[in-house]
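See the structures that follow.
Both complexes below contain chain A, partnered by chain B and then by chain C.
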Partner chain A sequence: MAGFPSRKPRNPLAAEDAIAGWLFITPALIVLTLFVFWPIFQVFRVSLFEWSLIEARGPFQGFGNFRTLFQDPDFEIALRNTIWFSVGVVPIQTFLGVLLAVLANRAIPGKTFFRVAFYFPSISSSVVIAVIFIWLYQQNGLINYVLRWLGFGTPQPPWLSNPNGVIDMLLGSFGVDNVTPWLAGPSVALLSIMMMNIWTTMGSLMVIFLAGLQGISEDLYEAASLDGANKRQQFFQITIPMLRPVIFFVTTLGFIGTFQVFDQIFVMTPGGSPAKTTLTLGYLVYEEAFRGFAMGLACAIAVVLFAIILSIYFIQRRFIRESGLE
Partner chain B sequence: MASILKRGQKQGTGPVGGTKTPAERTIEAIALVVLIFVALLMFVPFAFSIATSFKTSPEAAQLSFGNMFWPREGVTTAYQTAFDSNIQRWFLNSVFIALIWIAGRAIMDTMAGYAFAKMEFPGRKFLFLLVLGTMMVPGIVTVIPKFILLDDLGLLNTYGALTIPFLADAFGIFLMKQFFESIPADLEEAARIDGASRYQIFRQIVLPNAIPAVTALTIFSFQGSWNSFLEPVLFTVGAENLYTLPVGLANFRAVYNTNYPVLMAIAVITTVPMAIFFVVFQRYFIASNVASGIKG
Partner chain C sequence: MSMRKSRYSASRRSILKASAAIGGTGIIGSRSAALAQEASPAASAPVSVVAERASGEVRLAGAGDAIGQEIIQAQLDGFAAMYPNISVTFENIPAEYLVQIQTAIAAGNAADVFFVQNEFAQDFMSRDVLLPIDDYMAEDGITADMYYEPLINAYTWQGALYGLPKDWSPIGAVYDPAAFESAGVTMPTTWDELRTALQTLKDSTGSTALALDPNFDRFVIFMYQAGGSITNEDVTAITLDSPEVTQALEYFYALYSDGLSATSVDIGAGWPGDAFVQGLTSMVFEGNWMFPTLNDQAPDKAFAVAELPQGPAGPGTPAFTQAYSIFAGSQNPDAAWVLTQYLTGAEGVRVMMPYGLALPPLPALEGEFLELWPERAPYLAAGEYATSVQYGPGGQTFATDANAVLQTLFAGQIDVTEAQAQLVAAAEANITLNR
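Let's look at the complex of A and B:
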């Protein structure tokens, strides 16, 4: 965030600006106050009440909604699924984004073509992509067709209706059975949605990282090679540290995006099916509010979600600060 | 990101110096092959859905190498079925809502961004930090209070619910502020000496120079409105005449969940306007990812 520009000592418009400035921001300020500032305040307030969709505000609950929440098995399931979703998607998409950017940061032909191809999924409607992938993941869909052609087996039941935990399946093949729900890993169904998300995002991350790579001065590499650093050393000692602010930015946005995942669940696996293995916190907010008509409880989930995202943000920022870069 | 907007993409630097060793050439060839493979991976789902939209249901269910990306007959029945539903209405709703978002943000974000960049008024710093702080707040967190407020205002299930909350946005204000800060002061100085007021300076000098930034803002607004789903789906429950294309598609999927050619036809119709926009303005889109990432 750039600082404010230094002012000239005498501004002939200063008196006028005091009023005109407010007039200029007033239209935007009204919209933001009603539909951004007020809702942020209100979500905390509603979370403290029993607040039904039909009867509006009920009695004050204090932290009653939060107590209900922490005893609700669905909340634990949703929290678990959301964490798996996030920690699966964010590092992988970031890694692939960096990898593709490094590969593309050479004089390759057809730059515009690649940029369009990689970027297109991220500007398409999430609903469109979800519907396309429902079709791709069908029993007789393209993904199974390719797997069979390559001689691999296909998951049974098919992708989006398969509730088996992937880590559980993996351990099972080594004879380890009955792992706890937290260790069973995302279900095949959730994994399918995670892979779709990675597919959607990695290209746009590549473009962001590419811009970051091109901002690194060539002099740094020249100085390093004069000092006898080989390519690998240059990559880990120069490229990665220089990209760290971009990585911070991209992973922060990644966590914000994945922790609130909703559209894909709504379209692909309504109700968090199969067996609630795709039930996420974002979807649970929707279910409690618009299926259970419990606005207070839904806002309590939203507050927890908000707190998690803010914590991740501050932990990451601290991590970046301590590594001496900002 | 603002710098990307202004200057466009820089050329790839890559290894400097004209001479390349055979090892470097091999690495570059491998890199190119990997990139082509991943680019294909990006195109295949779209190509496959376009092909499916021109198939009959039985043919779509019978996948083979021959008909994977090229239908055997090429029928338009799926599109006819799509047009028999309410899709024209959804399309017009999406266009109408996009126009309102674009107009609202072009006016309000531009004015606010200019004020934050160039004007001195009490509370400026505090208000800008407040605006900036809200960019991190996920949409799902505030959607219920928004719903309650729209209900109180009697705006649920109206076009108002789909437009009024989005007439201004924090990212757009931030973007415009960044842009206006990059305009040199000399430009306004001359007019100032001639005794022009703030309004005259803004209208006659600043706005004509702000066209590239407003274009970028327009693209982000279009992308945001065209793809928005969470709010439209919750604010127009059961009001089919207010559905936008994504909401219509999601509902169609919930009702006719196995008619893939029709689903793909609606997906294609939803995507084509965005695709055209993208190809024409692809340079600007790169910075927009930042915006969509923030909004989730």
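Let's look at the complex of A and C:
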């Protein structure tokens, strides 16, 4: 924010600087205002109206759309699926990201190859990856082929068509039946997409963590080893604490990204099939806006999504502050 | 590419597009030569009266892959020769058609003439987005009875007509004659015969004979055949709680739970047509889009075509169609009408017939079409009794909900009674009834 004239400039030179600063950011500011700030403002506004997009805007609803939303069973389903998705994906992808970074940071042969190989999915189009995974998850796809070869048999119905909750299935094998939908866990279909998502993102997290690792001074490790700390102690007492800001950054981005998940659902399980077990909040926005002719309701979902993500951010920031990092 | 689209045959239009994309160039060469000789301009519809006062520019929007665009271009060439006063710009919307056309309408900037699929026609008509064309039709001497009735029904709303169908397809049966012969069965014509035939075929071939997915737009086959419906004709009441729907749901689910039908994903296919092409089943209930697929992916495969078996209330099948409609905000409605009547009239429709991607909407062209594609007679015959696939305004989100209900039923999580109750609830929550 260096270019912003926060106070009245004291001398002509500073004024000139300020003008130059504004000139430099003007093009970006115009683009951002037109395509980011204005649409965001509109989302909040439209969420208070009834509007089918193809008609003139309907009457002012106040919080009517939000009331409708909180009674809508689809909203509950989507919220549940999204939470399962996020809670499943973010910790695992972060953990794997750290693990990969630590491994790729060692002086092992072919280090560069592994770095590139793990990073590769992150720079590929998510749609392309989703299409490939549709094939992998097919009934006679590669994953089932490997399972058959290992003697596990073929899961039925196939991965992306199985609406049964994984925790429900697990409990069922212990004789516990009829758990509530919230406890049933993600469906096999949603889990399949979660696994793909983890595989896709862990590479980019690895790169971020690598940068973080290289920012940790060697002196610390040297001092620790002089004090007799073993590798494991060094990892938990030095590496992890020093990486904490990076972990905060990565998990925050992770929650934002997973709460907005849309494209993979759109490609792999359109309509949130099977049985709406992959219907997420992001997908519900699309469904209500463009197939349900309810733009106001769709914007209300987007506002709720925004509120959820914002509160996650604040909660996380609080945690970090309490652990004395900032 | 066709993978994602065809995986879920819920989106029939996508399959049509996907199969059109692969629809062989082989067929076109030979057949179009045959057609070129016989196309004589004076064959049917009179030249438009409205055209005498129409001129200027019109924009046309549609969704076409390479072949689809080629067809439209050929049609527009014919139009330019016939109506030189009107110039047409074609705007292709290759993906997410419904999203893009809605945003264009919201911006007041939609094309003068655009595609309207039966699935969302009622959503558009009930919101006054389309121009009623009854006056233009009267002026030009075009009557609704020139088209198959179910297709006209799809674009009729509260007594007015909002578009003319450009092409269509019902669901018919495509089967493997060799498998039928070796099992000693003939094409079944009733629900009971269908069950017996499927059982005999399964005993004979060792695999499930029919691929049928838990999609609402396949379930409606049985619902129409049992005499059931989603709403009454005026869309003033939900009628999904009728005993006819119960009967259809029980029959549909029993085919699956008794192992007489299988879902395409369970047997390792992308969609039912794919299962048939791969030889995984000996019969499918699919639309005209089966034929380009077969031609491209299994040109040597022998197949036979039949009308669907009849239900307790007689024959029934869903009709999928697409119309050209005029944007209510069009600045040049006269010229837009001239273009619409040309594209949906005999001249325009003839251009697409040799491609074989869809059926002609005009019964008058039946003879010409069957000369090109004689095996498709059972499909055209459905024009007599098909029902346009429409669930009322809000029908699209209803369809999403209904598909989820059927998937839950097939997963064994609910029974038929509960499934019907959930279908009724989904209809009540999504479909906007007329008051």
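Note that in this section the second predicted complex is superposed on the first by the 304 of 326 C-alpha atoms of A that agree within 3 Å, B and C clash if a C-alpha of one lies under 4 Å from a C-alpha of the other, contacts with A are read in each partner's own complex, and residues count from 1 in each chain.
The rule is simple: contacts are C-beta pairs under 8 Å (C-beta built on N, C-alpha and C of every residue); 3 or more make two chains touch, one makes a residue touch a chain.
Everything numeric in this text was worked out from a predicted model, so none of it was measured.
Visitor: So, does A:Ile208 touch the first partner chain B, the second partner chain C, both, or neither?
Guide: The first partner, chain B, only.
Visitor: For the three-chain arrangement built by superposition, which of chain B and chain C touches the greater number of chain A residues?
Guide: B
Visitor: Give one of first, second, both or neither to describe whether A:Arg106 is in contact with chain B, with chain C, with both, or with none.
Guide: first
Visitor: Applying the touch criterion given at the start, work out whether A:Pro157 contacts chain B, chain C, both or neither, answering first, second, both or neither.
Guide: second
Visitor: Just to be sure I read the superposition right, which of the two partners does A:Ala298 touch: chain B = first, chain C = second, or both, or neither?
Guide: The first partner, chain B, only.
Visitor: Does the superposition put A:Trp38 against chain B (first), chain C (second), both, or neither?
Guide: After superposition on chain A, A:Trp38 lies in contact with chain B alone.
Visitor: Per the contact definition in the header, classify A:Leu29: touching chain B only (first), chain C only (second), both, or neither.
Guide: Touch partner of A:Leu29: chain B, not chain C.
Visitor: So, does A:Ser124 touch the first partner chain B, the second partner chain C, both, or neither?
Guide: The first partner, chain B, only.
Visitor: Kindly classify A:Gly271 by the partners it touches after superposition: chain B alone (first), chain C alone (second), both, or neither?
Guide: second
Visitor: Applying the touch criterion given at the start, work out whether A:Ala14 contacts chain B, chain C, both or neither, answering first, second, both or neither.
Guide: first
Visitor: For chain A, give the residues common to its interface with chain B and its interface with chain C.
Guide: Common interface on chain A, chain B vs chain C: 131, 134-135, 138, 140, 267, 270, 290.
Visitor: Which chain B residues qualify as touching chain A in the complex?
Guide: 4, 9-10, 12-16, 28, 31-32, 34-35, 38-39, 41-46, 48-49, 52, 61-63, 68, 104, 107-109, 111-112, 114-117, 119-122, 124-125, 127, 130-132, 134, 136-149, 164-170, 173, 178, 181, 185, 192, 197-199, 202, 223, 226-227, 229-230, 233-234, 237, 245-247, 249-250, 253-254, 260, 263-264, 266-267, 270-271, 274-275, 278-279, 282, 285-286, 288-290, 292-294, 296
Visitor: Okay, in this complex, where on chain C does chain A touch?
Guide: Residues 3-4, 7-8, 10-11, 98-99, 102-103, 105-106, 123-124, 127-129, 263, 265-268, 393-394, 396-397, 400-401, 403-405, 407-408, 411, 413, 430 of chain C touch chain A in their complex.
Visitor: Please output the residues of chain A touching chain B within their complex, sorted ascending.
Guide: 1-2, 4-5, 7-8, 11-14, 16-22, 24-25, 27-29, 31-32, 34-40, 42-43, 46, 56, 100, 103-109, 111-129, 131-136, 138, 140-142, 145, 199, 203-204, 207-208, 210-211, 214, 218, 222, 250, 253-254, 256-257, 259-260, 262-263, 266-267, 270, 282, 285-286, 289-290, 295, 298-299, 302-303, 305-306, 309-310, 313
Visitor: Which stretch or stretches of chain A touch chain C in the complex?
Guide: 52-55, 74, 130-131, 134-135, 138-140, 156-158, 160-164, 267-268, 270-276, 287-288, 290-293
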